[in-house]
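Two complexes, one shared chain (subunit A), two partners (subunit B, subunit C).
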Partner chain A sequence: MDPMYLALSLFRRRHYDKCIDICTSILDKQPLDQAAWCLKMRALTQRVYVDDLESEESPQDDVLDENVVASAPRPGTSLKSTSTAVPFTALGARPRTATGRPISGVVRPGTQTGRPGSALDRLKTSRGTTAQSARAIRLGTAAMLTQKDGPFIQVSRLNLAKYAKIKTLNKPLFEYLFYHEGDIRNAMELAVLATQHCEFKDWYWKIQLAKCYSALNLIRDAEQQIRSALKQHPHIESYIRLIRIYIRLDQPLSAISLCKQGLEVFPNDVSIMTELARLTEALNEPQSSVKYYRSIVIEDAMNTEAIACIGMYHFYNNQPELALRYYRRVLSMGAHSPELYNNLGLCCLYSQQLDLTLACFQRALDLATDPLIKADVWYNLSYVAIAAGDIGLAIQCLNLCLVADPTHASAFNNLAVLHHRSGKPHLAKAYFTSAREHQPELPEPGINLEVLQDA
Partner chain B sequence: MALTYEDREVNFDVSFSEMRLRLGEKVIDKLDNIEDTKGNAGDRGRLIITNLRILWHSMISPRVNLSIGLNTIISINTKIVNSKTKGTTHALHLLTISNGTRYEFIFTNLEQDNMRHFTSVVGVHKAFITSKLYRELKLRGGVVHNKKLKVLPLEQIFSNIHGVWNLSSDQGSLGTFIVSNIRFVWFADVNEGFNISLPYLQIESIKIRDSKFGNALVIRSNERSGNFILGFKVDPEEKLHNLLKELTSLYTVYMNNPIYGVEYKWSLQTSEAPQTSNIFNDLEIVEDPKDEISNTISAYLADEGHEKDRPPVYSEELGLAIESVKEGFSLKKLWEVIPTY
Partner chain C sequence: MSRSELSVSRWLEAHTDRGAGLTTLPRNAILTDIVGNGDYHLVITDLKLDNDTKSRLKVYKGTLMTHDQALSNTPNSVISFYADLNEPRIPVVGVACGSELFLYKNLKPFYKCKVPSCPLSEQESELWKTLMEKQDFNSEDIIKELKKIPFSLLSSRSQHILNLESPLKIEEYIRKYINSMPTKENVITCMSTIEKTTHDKYSVNCPIIGTEFGNIYILDPQNFSILHQANTCNVKATPFIIECSGLYDIEFRIIVACREGYICILRKGWLEGKSLIQITNDIVDMVLIPGDNFITVATADKGLHCYTKRGQKLWSATTTNSITCLCLVPLDHINMYMVAVGMKNGLIHLYHGRHLTDFTVAPDTPSVIVFGPVGQEENVMVIVTMGGTISFKILKRTADFSNRNHESVPVLQGKPLPLPKRSKLFLEQSLRERQSAVEIHQTFQQDLLRLRLTTARALVQNLSDQSGVGNEKENIKLSAQVLGLGPKFTVILTLENINPNKVLTGLSVTFHSNPIFYTLTTYIITVPLIPPSLSYKMETRVQETMSETSSETSVAELEPAGVKVIRVFVTRYDHPRPILAATINMPPTEFMV
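Here is the complex of A and B:
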């Protein structure tokens, strides 16, 4: 078979490593084969490609970021003021994350549940954080590691002006620079040259420029670029990027109105509706958020995020049977994660389906490889033990939870309550204190300590 | 004794006589400390991988056992379970289908960092899948190339007879008949894509019978490969008898020591797997009554309480063939998460 044909076919079937090898051998024979050069670039890019719409926040924005317009916005018009209105249910308040927002149904990179106030408070986002956008660093290094004979393209020796004029090469080269090398500045230079060359008629380049601007924290410039791109060609990705920019500017209401504009152009589009639902959830409006999630599910009945969020809403609104239906649906779609089995177990427990409860938790324990998740499963198992009236078992479960995650404030709090019940008030006090130290925002330990002091 | 079911069925709690190795069956790997997580969690057991099936039996009571034919396996997966405190354990997931029912098996190695149960199962299964020509009837396959038989690794060709008529169609077709130690192959001279390869394993009987074309060699294949009756004619008569003699003698030799064609070499042989035909050399054998009804089956069902698939029908709605929907359900109802009335 012709090697070029084979390489193309491998690229189509996403066997990127083999494709790169073949392209390398073609380039060894004919160093000036532009097609192979371009294909190798595409394969290298695709191999490390991360959807930057789902990328993580860089917390640096939060503290040293002056893009935000209002410093004291009215309630309900900003994502930064945490409101304390949490749905109270028969199961108690919906649990909250370290920063005081009610816990969400799906963890995704960029889940900002509350914003750290100072550099020291940057404890818990859904992943560990770095001082600058981690993606940019990671891509540059990860790509270098796998290549024995140095980088594929010497970026510093690249004649950007020449390549910006070649229509077939400039886009792959840009994406290579942006995603593979993580070299924002050169990518931006290429984008500027290319967009000049096509006389500002190509919306693609405007979006790429906006990507570079927002990576360099020039938010308003990015906004301009996307707006002009949208005038040329309405595209879902452009809408979502603009929405994200307004979220970074902390203007949720503009973002919401933009979502609605987007939905007029693309009726019932799932990704824009997801943005809308996430936004309203971040604004602490669970009812309207669930309404949007429902419309997502009507459109796309396989959307895990929407189904899980609806399930969680029902669970904390005292309808565990309904929640169980949603989580079982996710299960039948083929997801097998410890979190899912844990949620199924909890739903079974509260909807009195006791024959399945322990089986689900057993599965969750088997699958839990991350200590934090393991800790949460043990924490929830302690509730099963308490429901069965077995205080000794509950204490064991909570101890195991603390073994896996020594900073689990809720576990400290519950352990203290159980010890207090079994007549060890001093131990209880110590546990309450450490619970409060680990998570000052959690109301329960403080209240419990006051009760202890009054007694 | 031909193969009965070993490689194409899943059986539970079989009697010891059936746990014994068949003729030609070889133990490829034997592992202790394997737990059958799906059905007998907490039991230490032994996993025996042969060239036809995977056997597992509990160490405490060997009458608790499984026999999984290699032909039933649909997919093999590995999963990392249990977390840092215990060290990672790799579980082996097998999805199988036997008599229209899906079963799932999960085996966990109780020794830390031991991946052998996984590597050997995957390797043996690969070897089994790629050696189907040794064991199965193949019609119009790619077994002949440029008038020459593509010889299998363990195969020797004994004779090659030209001018053999195949009596399957009314006018008959002229072709070549090849006899080897594993199978016979006939292909038409005009079109070598028109061929048949039948291993002795699948042959029921070889006779000479009278037909409308005169005396002919009649070969019946057994039930497993569809009860075919094949007629061949050679002139003169003498040649026909010679062919019959050759075939029958090869057939009996083969049946006394079948070659299943599953070859597996250890790249890292840690310990010589003992080639004993008696698996239970260190266990007391207590013969149990054979026809006990067991309901262990239900513990291994891949989708709970689902025994048989319903027949496929054409769906007007989707324009595809779908499994017929249960009474009282509709596709719309099954798809929707939030019912619209």
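Here is the complex of A and C:
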């Protein structure tokens, strides 16, 4: 069989490693075989490709952000202010993580990077960080490790101007540089040259440029590029990238209007509707958010995020039995995570299906490896203990939660309340104080401390 | 309410007579212009419940008793009203005793009207008729006959017979009364007045009478005939407080509080009242606030409740002591209505709406409070206490109730919480719960036991390495903070003495880290004495060693989660085992790209 044909077939079947091997052997024989070179580039790219739309975003450096429009935005026009001042909705205040993210059944892009907070916060707290920059470096090194005899392409020696003119090669080369090498500067140079060569008529290059700009934190330039690309060719990805840019600029209302614009061009598109639902939820409008999630489920009955979010809505709307049904649906779709079992356990507890409650929590405990999730499971188990009337057990659970996550402010608060009830006011006071230190925006410890001082 | 406001009372203590020896119940005291010259007198009844002394009607002019006369029966309420338009305008004072209403003008009795008695039940009247005809009887047969009739439907004479013990006495008793038919007395329980045609200080009022059997009578003010008669409620209810609003000729509402806990409403033309509110606790007192027509009810469980005229609950408040009486305090000059709440131990609170605006004290538990003009003074509160003291308090003319502090009182949630609809799924699940309750319970208990075991195991695991946020036995708490972006960090440890009584001594802190990753400025810190409830802060500087080899060679030595750690041990000098241990997860160094 022709090795090139075999390599193509392997590429289509996603056997990238084998495909790379065959390409390497072809290139050993004929070092200037452009087809093999291109295929190898694509295979290498695909092997490490991460969907950067659905992956975590780069954290925003508040200190150095020159795009901030207003420091005190009006209510409902900013995503940042919502994390500090939780408005009371019809559903009451939902529990949030330490970074102000509403706790839900799914992890979404952009919600986890918030964990370390801004660099300024970092000066005060003791949390680890996972930044985009760090991830890109990790990917680069991981790719490098597999190549014993040096890198496949010496980027510094590459004649970018030459390759930018070859239409068949410039796109794979760009993607290789962007995703595999993580070399955004050279990728951008290639994109600039390529878009000049095609006289700014190819929307693809504009999108790629925008990607590079936003990776380099040149958000306004990225916005311009995408706007111009959208004029040439409306594409779902372009819409979503632009929406993300507005979210980065903290302009949720423009992002929402863009979503609606996009939905006119692509009616009932799941990805745009997902963006819209996430946005409305972040703006504390759970009703409209759940409305969008429902229309997503009509389009795509297997959308885990939508199902889990509808479940969460029902849970906080005091209908745990409905939430239970949705989470069971997620479970039957094959999801298998500690968070899901944790949620199932909570739904069972509150809908009085007690025989299933602890079984779910046990699974969650067994599956939880991340100490933060383990802490949350123990925290929820303390509620089970309280519901069963075993205060001692509840205290033990909360202690275990704090062992796993020593910064869990709610756990400190609850522990203090329990200690106060069992007649240890000085201990309670100490715990309330540490709860307030760890999360000053949490209202309960402050109020409880006041009550303690009055008593 | 601020302290400065409280320091100066709004009330002047005018007169207190601890030796007055009065026994007066609510609605037995009124303030009225008894002689028609604008000099208001206090008219009260002094109850004597012994057999040999009679209850008395007493009149106070100012603080002096000017008039004292005996009453034929135990009084239960006093009213005063203008009966006609004749000059000079002298009000009629009405005193209800038993089933009779005695009317006084100028303190002289001038009329007596009797509430129509109730018809006897057929069986009973038949029995007495035959007795009258035959003049001969067997007392045992009569007892047997009477016992067939429900006790509460009997006349008092028949009830008395049933209560007598010896057959001889029964016979004697029957012989004594055999020539007359028994009557069923309809005892008056409460009274009130309603304005007839105009709202005016001197307008003609109709007396309203409530009776034991639940009848409400509205009387004509001139000839005291019955203008209107109605039942309180469709169920058995005994009125004991009547309040009214409106005009008799146009439209009126009579609010009746019953002993059974109902509050009924009666409107013009109704022959039967409607139950408006039902209160589970005993009603102590009720006032109707003019203007809004809000009903304020005091209950026996220290509760003060307010309802609209349609029976919707507006608010509830709990008082500090049990309430004994209420009194409306109208302040016309500032257009304000307050309610004085008399409580056990002599405290009197004044509520404006749901807000407590003022308080004053009586010598002991107030039995009756009346508020109004006395003599020439406009606003006087007269308090008769359970101990018999009479006390006069004058509201200062400068009293200012305007700057009330509304924020101090949390707003009671009037509306119920919006609950979601009960779904079909919920019903199915609750069905499952009911059907297999035992299994569910057993499984849950088993799981709970298992959970206790898991928890205990995890705790033992932690106990062995003494990790955790604090050691409750030793009463210390440790918290750590990492500052900096790296590769240089500052670790700040806070050691807190939770014990409020004992000091902490002889502790030291040891840092433990892998030298491949971190170099520390200090590894051992000796902790000085920590006084009770205080904390001690210490810091150490951490330098991350940035060698190329470290990232690759020692991946295996990393913690399971892939983070680098520094361990902290708190130890006592003489003990090898740490009393507290903690693990600090160090953040990775941020590379500036």
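To be clear about the criterion, the second predicted complex is superposed on the first by the 410 of 455 C-alpha atoms of A that agree within 3 Å, B and C clash if a C-alpha of one lies under 4 Å from a C-alpha of the other, contacts with A are read in each partner's own complex, and residues count from 1 in each chain.
The criterion applied here is as follows: a residue touches a chain if its C-beta (ideal position, glycine included) is under 8 Å from a C-beta of that chain, and two chains touch if they have at least 3 such contacts.
Source: prediction; values computed, not measured.
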Contacts of A:Ser9 with subunit B and subunit C, given as first, second, both or neither: neither
Partner chain in contact with A:Arg294 - subunit B first, subunit C second, else both or neither: first
First (subunit B), second (subunit C), both or neither touched by A:Ser25: neither
Touched partner set for A:Arg329, first subunit B, second subunit C, both or neither: first
First (subunit B), second (subunit C), both or neither touched by A:Val403: both
Touched partner set for A:Ser434, first subunit B, second subunit C, both or neither: second
Contacts of A:Asp370 with subunit B and subunit C, given as first, second, both or neither: both
Which of subunit B and subunit C A:Ile307 touches, first, second, both or neither: first
Subunit A: partner with more touched residues, subunit B or subunit C: C
On subunit A, the residue positions that both subunit B and subunit C contact, one per complex: 369-371, 403
Residues of subunit C defined as touching subunit A within the complex: 418-420, 423, 425-426, 429-430, 432-433, 439-441, 443-444, 447-448, 450-452, 454-456, 458-459, 462, 467-470, 472, 477, 479-485, 496, 498-500, 533, 560-561, 563, 582, 584-588, 590-591, 593
Residue numbers on subunit A that touch subunit B, as the complex places them: 294, 297-298, 301, 307, 310, 326, 329, 366-371, 374, 403-404
Subunit B - residues contacting subunit A, complex: 79-85, 88, 91, 335-338, 340
In the complex, subunit A residues that touch subunit C: 90, 116, 119, 122-129, 131, 133-134, 137, 317-319, 321-322, 325, 351-355, 357-359, 361-362, 365, 369-371, 381, 384-385, 388, 390, 393, 396-397, 399-400, 402-403, 406, 426-427, 430, 434, 437
